Amino acid sequence: MLDLHGYGPRLLEGSLLTLELALLSLLLAVLLGLLSASAKLSSSRILRGIAHVYTLVIRGVPDLVLMLLLFYGGQIGINMATDWIYNEFDVDIFININAFVAGVVTIGIIFGAYMSETFRGAFLAVDEGLLEAGRAYGMRPWAVFRHIRFPLMMRHALPGLGNNWMVLLKTTALVSIIGLSDMVKVAAEATKATHEPFLFMIPVALGYLLIASVSEWCFMKLRQRFDIGFSSGGSSWNN
Amino acid sequence: KDYDTVRIGVDIPYVPMEYRQPDGTLAGFDIDLGNALCEQAKLKCNWVIQGWDGIIPGLQARKFDAIMSSMTINDDRKKQILFSDPYMTPPSAWFTPEKSTLETPDKASLKGMNIGVQRGTVQDNYVTDMFGDEASIKRYATADDVAVDMEAGRLDIAFLDYPTGKAALVDSKDGKFKTVGDMLTEPKKYFGEGFGIAFRKRDRELADTFNKALAELKSNGTYNSLYSKYFPDGNTH
Amino acid sequence: MNGNDIFTPNTFEMYWSGLVNTVHLVFVSLVIGLIIAVPLAIARGSSNLWIRKPVWFFTYLFRGTPLLIQLYLAYYGFAFIPGIQDTWLWFFLEDPIYPALLAFTLNTAAYTTEIFHGAIQSTPRGEIEAARAYGMNRFTMLRRIVLPSAFRRALPAYGNEVIFMLHASAIAFVVSITDLTGAAYYIYARFYAPFAAFLFVAVLYMALSFSIQGLFKYLEKRLLGHLKPQS
Amino acid sequence: MADTSIPLEINHLHKSFNGNPVLNGLSLKAQKGDVITLIGASGSGKSTFLRCMNLLEMPDQGELIVHGEAIGFKVDRKGQRQPEDWKQVERIRARLSMVFQNFNLWPHMTLIENVMAAPVHVLKMPKAQAREKGMALLKRVGLSERASYFPTQMSGGQQQRGAIARALAMDPEVMLFDEPTSALDPELVGDVLHVMHELADEGRTMIVVTHEMDFARDVSNHVMFLHQGLIEEQGAPGDILTSPRSERLQQFLAPRY
Amino acid sequence: MADTSIPLEINHLHKSFNGNPVLNGLSLKAQKGDVITLIGASGSGKSTFLRCMNLLEMPDQGELIVHGEAIGFKVDRKGQRQPEDWKQVERIRARLSMVFQNFNLWPHMTLIENVMAAPVHVLKMPKAQAREKGMALLKRVGLSERASYFPTQMSGGQQQRGAIARALAMDPEVMLFDEPTSALDPELVGDVLHVMHELADEGRTMIVVTHEMDFARDVSNHVMFLHQGLIEEQGAPGDILTSPRSERLQQFLAPRY
């Protein structure tokens, strides 16, 4: 067995943190992605503009910088505000941005932009007539979305979603710069302490691969779920 | 602003300056000295573990009030943050593989060599300015990466601060590496005055409190006993 | 932010060589990755288990593990193979650029394979039947009908991948390459001025990313125009 | 004031797309049990007219009165006409069920789920009740054994009959049909027309865009011939289909192939 | 030995899907210039028969002879029937051009590229020559100004005429049509039938699955009525469409509504 020099439990903790971060950010990213993809296809010019700038800028700035800006820049901004209050009113407050929340929010915002592009393409692939049928029977916009547009769109979105998730999972390692100890950070610490540069890559790689295996399985189930009612004609080119 | 409690940021591990013991508590020269300083100054101190990438932003965003993490004082950095008086002056040293024949690193002997350094450190600045034209400087994120790449044969020599290099190359890779040439603490332009505690620029008073405590510890012998605990062979000042 | 102390000709030179390295790494690995992803994507959908499964395993492995580890293994791992330093391979392995290119290329190839595989799978049956009905052989059909049509559909997802790669390349600095991020770390460590260092580099990344996004917008307009009826 | 016994009344409806007028002031009054057929050349605006009736297209001008309830409009900041109250629109859409040319059955739902969806999600009918009702309707259109099939597993005629069942599930006051048979193999047209014939016999109000002149003749009690967004000619089918007065209609009715 | 003057001959063709027989021994002989229409109820196997002719479906039993050349089959390890020589299949497919119900134009190519693709990539015709020929064919079907349009930018009728031009570009010995008008709005059917009429007049050999009885009557010289995978009745259109003998065909031809 692998001798982890006693770092096993902390690596496990780190991997749990990684998983929590990844799942919560995924949730936020999917939400933001759906919202901004809908905004891009809406008739309101303002909403469209906001959504386009969002994806353009967020996909433009490196993740690391966004993390620094949102967490530390945000904190400095808040501090400036509380300082002003202190100087003016002599009330001392310190509002602390929570690192875990900041991590989830930052990664969620970043991947929301990628999801937005994925969902936009998928929304466009849904036949407008099917949505109209929903409206024609008096369904509210939300009902049309939930019962028709969303399930039909997911079929087209799943492959892109899978790739985004795989990248997101690894991006969680970014949180070490805001003071959280995820799996990668613990491994890096262990490496520095033991001077064994390769040893700790093994548990990290295995941890990620394990999550990847579970997600491959989940995505397979989702594909089956959203393929219901469609006959697949895809691979017929090779026979 | 008055401090009763001071939060001190530290990046671990960095043996023997700061690291976690198997039982989870922090240890190291920085940690022990920091605690002694706080006690002397009648402050309550909390250590905040923070990765290097976010340590300066964290100070500026007031996630903590001081950094005590083997930071070398120099003029470039003084423009951004406030340093205490140096509490230790580690020299910088050259490291080579055991079988290397290089003895005195200078312009002639380093010609065409691959020199490994930690990116952006004072050692990096020094070799870049002194030997940048003759040798090729390879920059790494950690001293361990320098060690591995020297073992892999891509580096001929490394220039690191002595405690770090000793821990990463000499102590942990039994017999594969050695130090060569003189250890350097001069010129001050590069190597500054040594390690200092970092504060936000406006926290002059807090820095003075720490400076006063440091002077007291030095004169009452506490400093020396801590020092010899961590550096029994005493290569630094 | 004391801009004048930090942004000297010296640091600009650092940023410039970082920019060159980043562009070089990203461009070359994307091009080669794209080229090898095409046959892999075809093989990924093969009806032969012995062709399909290894390709699946490749994509699983390279998408499932962090690029950082792949880069480490490519750079340090190979160097420890006994005797390798005496072979011609060492010429490539000694320079960090080639191992980095190797890792980046395989990584983007894995993601791109999945994207193209999905697109090929969703080729409408009718397009394929028409090709067969006119006597095209498998290769011609693949080359003229299936792939051109799949590429176009894969464009938005591939656009995401290119930008992912740009950002992912920021770890090249750990193997002693001074890319854009490496330059920023240098400035950070040297001057303890993280915001100035990273904001400047962010502007350069943004310029690169905006060009990429613009290019893909243009390609989408050119190549996907046919998917929307003109009204 | 308003006559609630009239299921649908439309007055002076105008609609243009990007400045091109398509409908130029159409009026229509459907009494209970009326079967009105709209005929006309391709592009004459039949679909647009039908789609304006349940506000899938927003008319630019004109009045729409469903069962005595007039739909209120307002003009938004961009000068676009919008309904005053979307709730009202949804209520009214639920009372005018549309059957589409390409069926537009939802492919991810089984047939019975398709039929149940609108009653459950719009009328908030309990699921069990909706299912029971849906099954009865499927039986009615001869599809009871197909209830758990997905649309792609059914032939075109079966799909269109399913779409009719889906529309009927809302108990609509008026049924709108847009070329319900034109995407079908002639074989299957019969099935669908048969069901529509039965609906007419039951006294349902229906408005049907169609190219089946036989159907217009036999089933409807009123035929409207659209030309360039206007009603060129209308009347009882026996009259206008056998002895068209306008030249346009004569031309339109001439054998095509 | 084999009669090379007969473009297509099929003997005793059988085909089943998952054990359900669909074709139960069909034979057909098309002489040069023949226009054969296949009619029959939905699900009777017309499309399957047509698709077997150019091996888009692999027949389970039976002989296929194209211009005197019999297609060889073998049985693979899984017990599936496979052609002996795929090259021969490709060669034969190039001589039997198919026009699909949903056109199946390649959406990423312009119309002229669609027409040129098979001649250039299958017959290795020089591009310039293929373009010239393609333009002539587009002119023929009345689409010369649409040459650089993408399929989605054209109406259904235009797409189907384009698909016919694409099939013609291979100079096929036999043209196979699978319900070429059933996906079209009635308005557009005329255009396509017109082109097919012209092709028949030219003496092309054509096999057409259709529901347009008028077309079968006017254009074809032989009508085959399929029922449950067998040929229930066949003969000259004048005979079998006006005085069908079998009860099934009588029912099929009876006015539907």
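In order of appearance the chains are A, B, C, D and E, and numbering begins at 1 in each one.
Following the convention adopted for this analysis, contacts are C-beta pairs under 8 Å (C-beta built on N, C-alpha and C of every residue); 3 or more make two chains touch, one makes a residue touch a chain.
Nothing here was measured: the structure is a model prediction, and the numbers come from that model.
Colleague: What is the set of chains touching both chain C and chain D?
Modeller: Shared contacts of chain C and chain D: A, E.
Colleague: Can you tell me the least number of steps between chain A and chain B, where a step is a move to a chain it touches?
Modeller: The distance in steps between these two chains is 1.
Colleague: Starting at chain B, how many touch steps does it take at minimum to reach chain E?
Modeller: Minimum step count, chain B to chain E: 2.
Colleague: Could you say what rotation angle superposes chain D on its sequence twin chain E, using C-alpha positions and rounding to the nearest 5°?
Modeller: It is a rotation of 175 degrees, to the nearest 5.
Colleague: Across the interfaces A-C and A-D, which one involves more C-beta pairs in contact?
Modeller: Between A-C and A-D, the larger count of C-beta pairs in contact belongs to A-C.
Colleague: Taking mean CA positions as centres, which chain lies farthest from chain E?
Modeller: When every chain centre is compared against chain E, the largest gap points to B.
Colleague: From chain C, which chain is the farthest off, judged by mean CA positions?
Modeller: D
Colleague: Compute the distance, rounded to whole Å, between the mean C-alpha positions of chain A and chain E.
Modeller: 51
Colleague: From the mean C-alpha coordinate of chain C to that of chain E, what's the distance rounded to whole Å?
Modeller: Centre-to-centre distance between chain C and chain E: 46 Å.
Colleague: Between chain B and chain C, tell me the centre distance in angstrom, where each centre is the average of that chain's C-alpha atoms.
Modeller: Roughly 37 Å, centre to centre.
Colleague: Pull out every residue in chain A that's touching 2 or more other chains.
Modeller: Residue numbers touching two or more other chains: 64, 68, 72-73, 197.
Colleague: Could you tell me which residues belong to chain B and also touch two or more other chains?
Modeller: In chain B, 53, 57, 60, 145, 148 touch at least two other chains.
Colleague: Of all the residues in chain D, which ones touch at least 2 other chains?
Modeller: In chain D, no residue touches two or more other chains.
Colleague: Chain pairs that touch, all of them, please.
Modeller: Every pair of chains in contact is listed here: A-B, A-C, A-D, B-C, C-E, D-E.
Colleague: Enumerate the contact residues on chain B facing chain A in the complex.
Modeller: Residues in contact with chain A: 12-15, 19-20, 22, 48-51, 53-54, 57-58, 60-63, 142, 144-145, 147-148, 167-168, 172-173.
Colleague: Considering the complex alone, what residue numbers of chain D touch chain A?
Modeller: For chain D paired with chain A, touching residues are 54, 56, 90-95, 97-98, 100, 102, 104-110, 117-118, 121-122, 150-152, 166-167, 170.
Colleague: How about chain C: which of its residues touch chain E in the complex?
Modeller: Going by the criterion above, the answer is residues 126-127, 129-137, 140, 144-145, 148-149, 152, 223, 225-230.
Colleague: Give the list of chain C residues in touch with chain A in this complex.
Modeller: 45-47, 60-61, 63-69, 72-73, 76-77, 111, 114-115, 117-118, 120-125, 128-129, 138, 141-142, 146, 156-157, 159-161, 163-164, 167-168, 170, 181, 194-195, 198-199, 201-202, 205-206, 209-210, 213
Colleague: Would you mind writing out the residues of chain A in touch with chain B in their complex?
Modeller: Contact set of chain A toward chain B: 6, 64, 68, 71-73, 75-76, 79, 94, 96, 176-179, 181, 185, 189, 191-195, 197.
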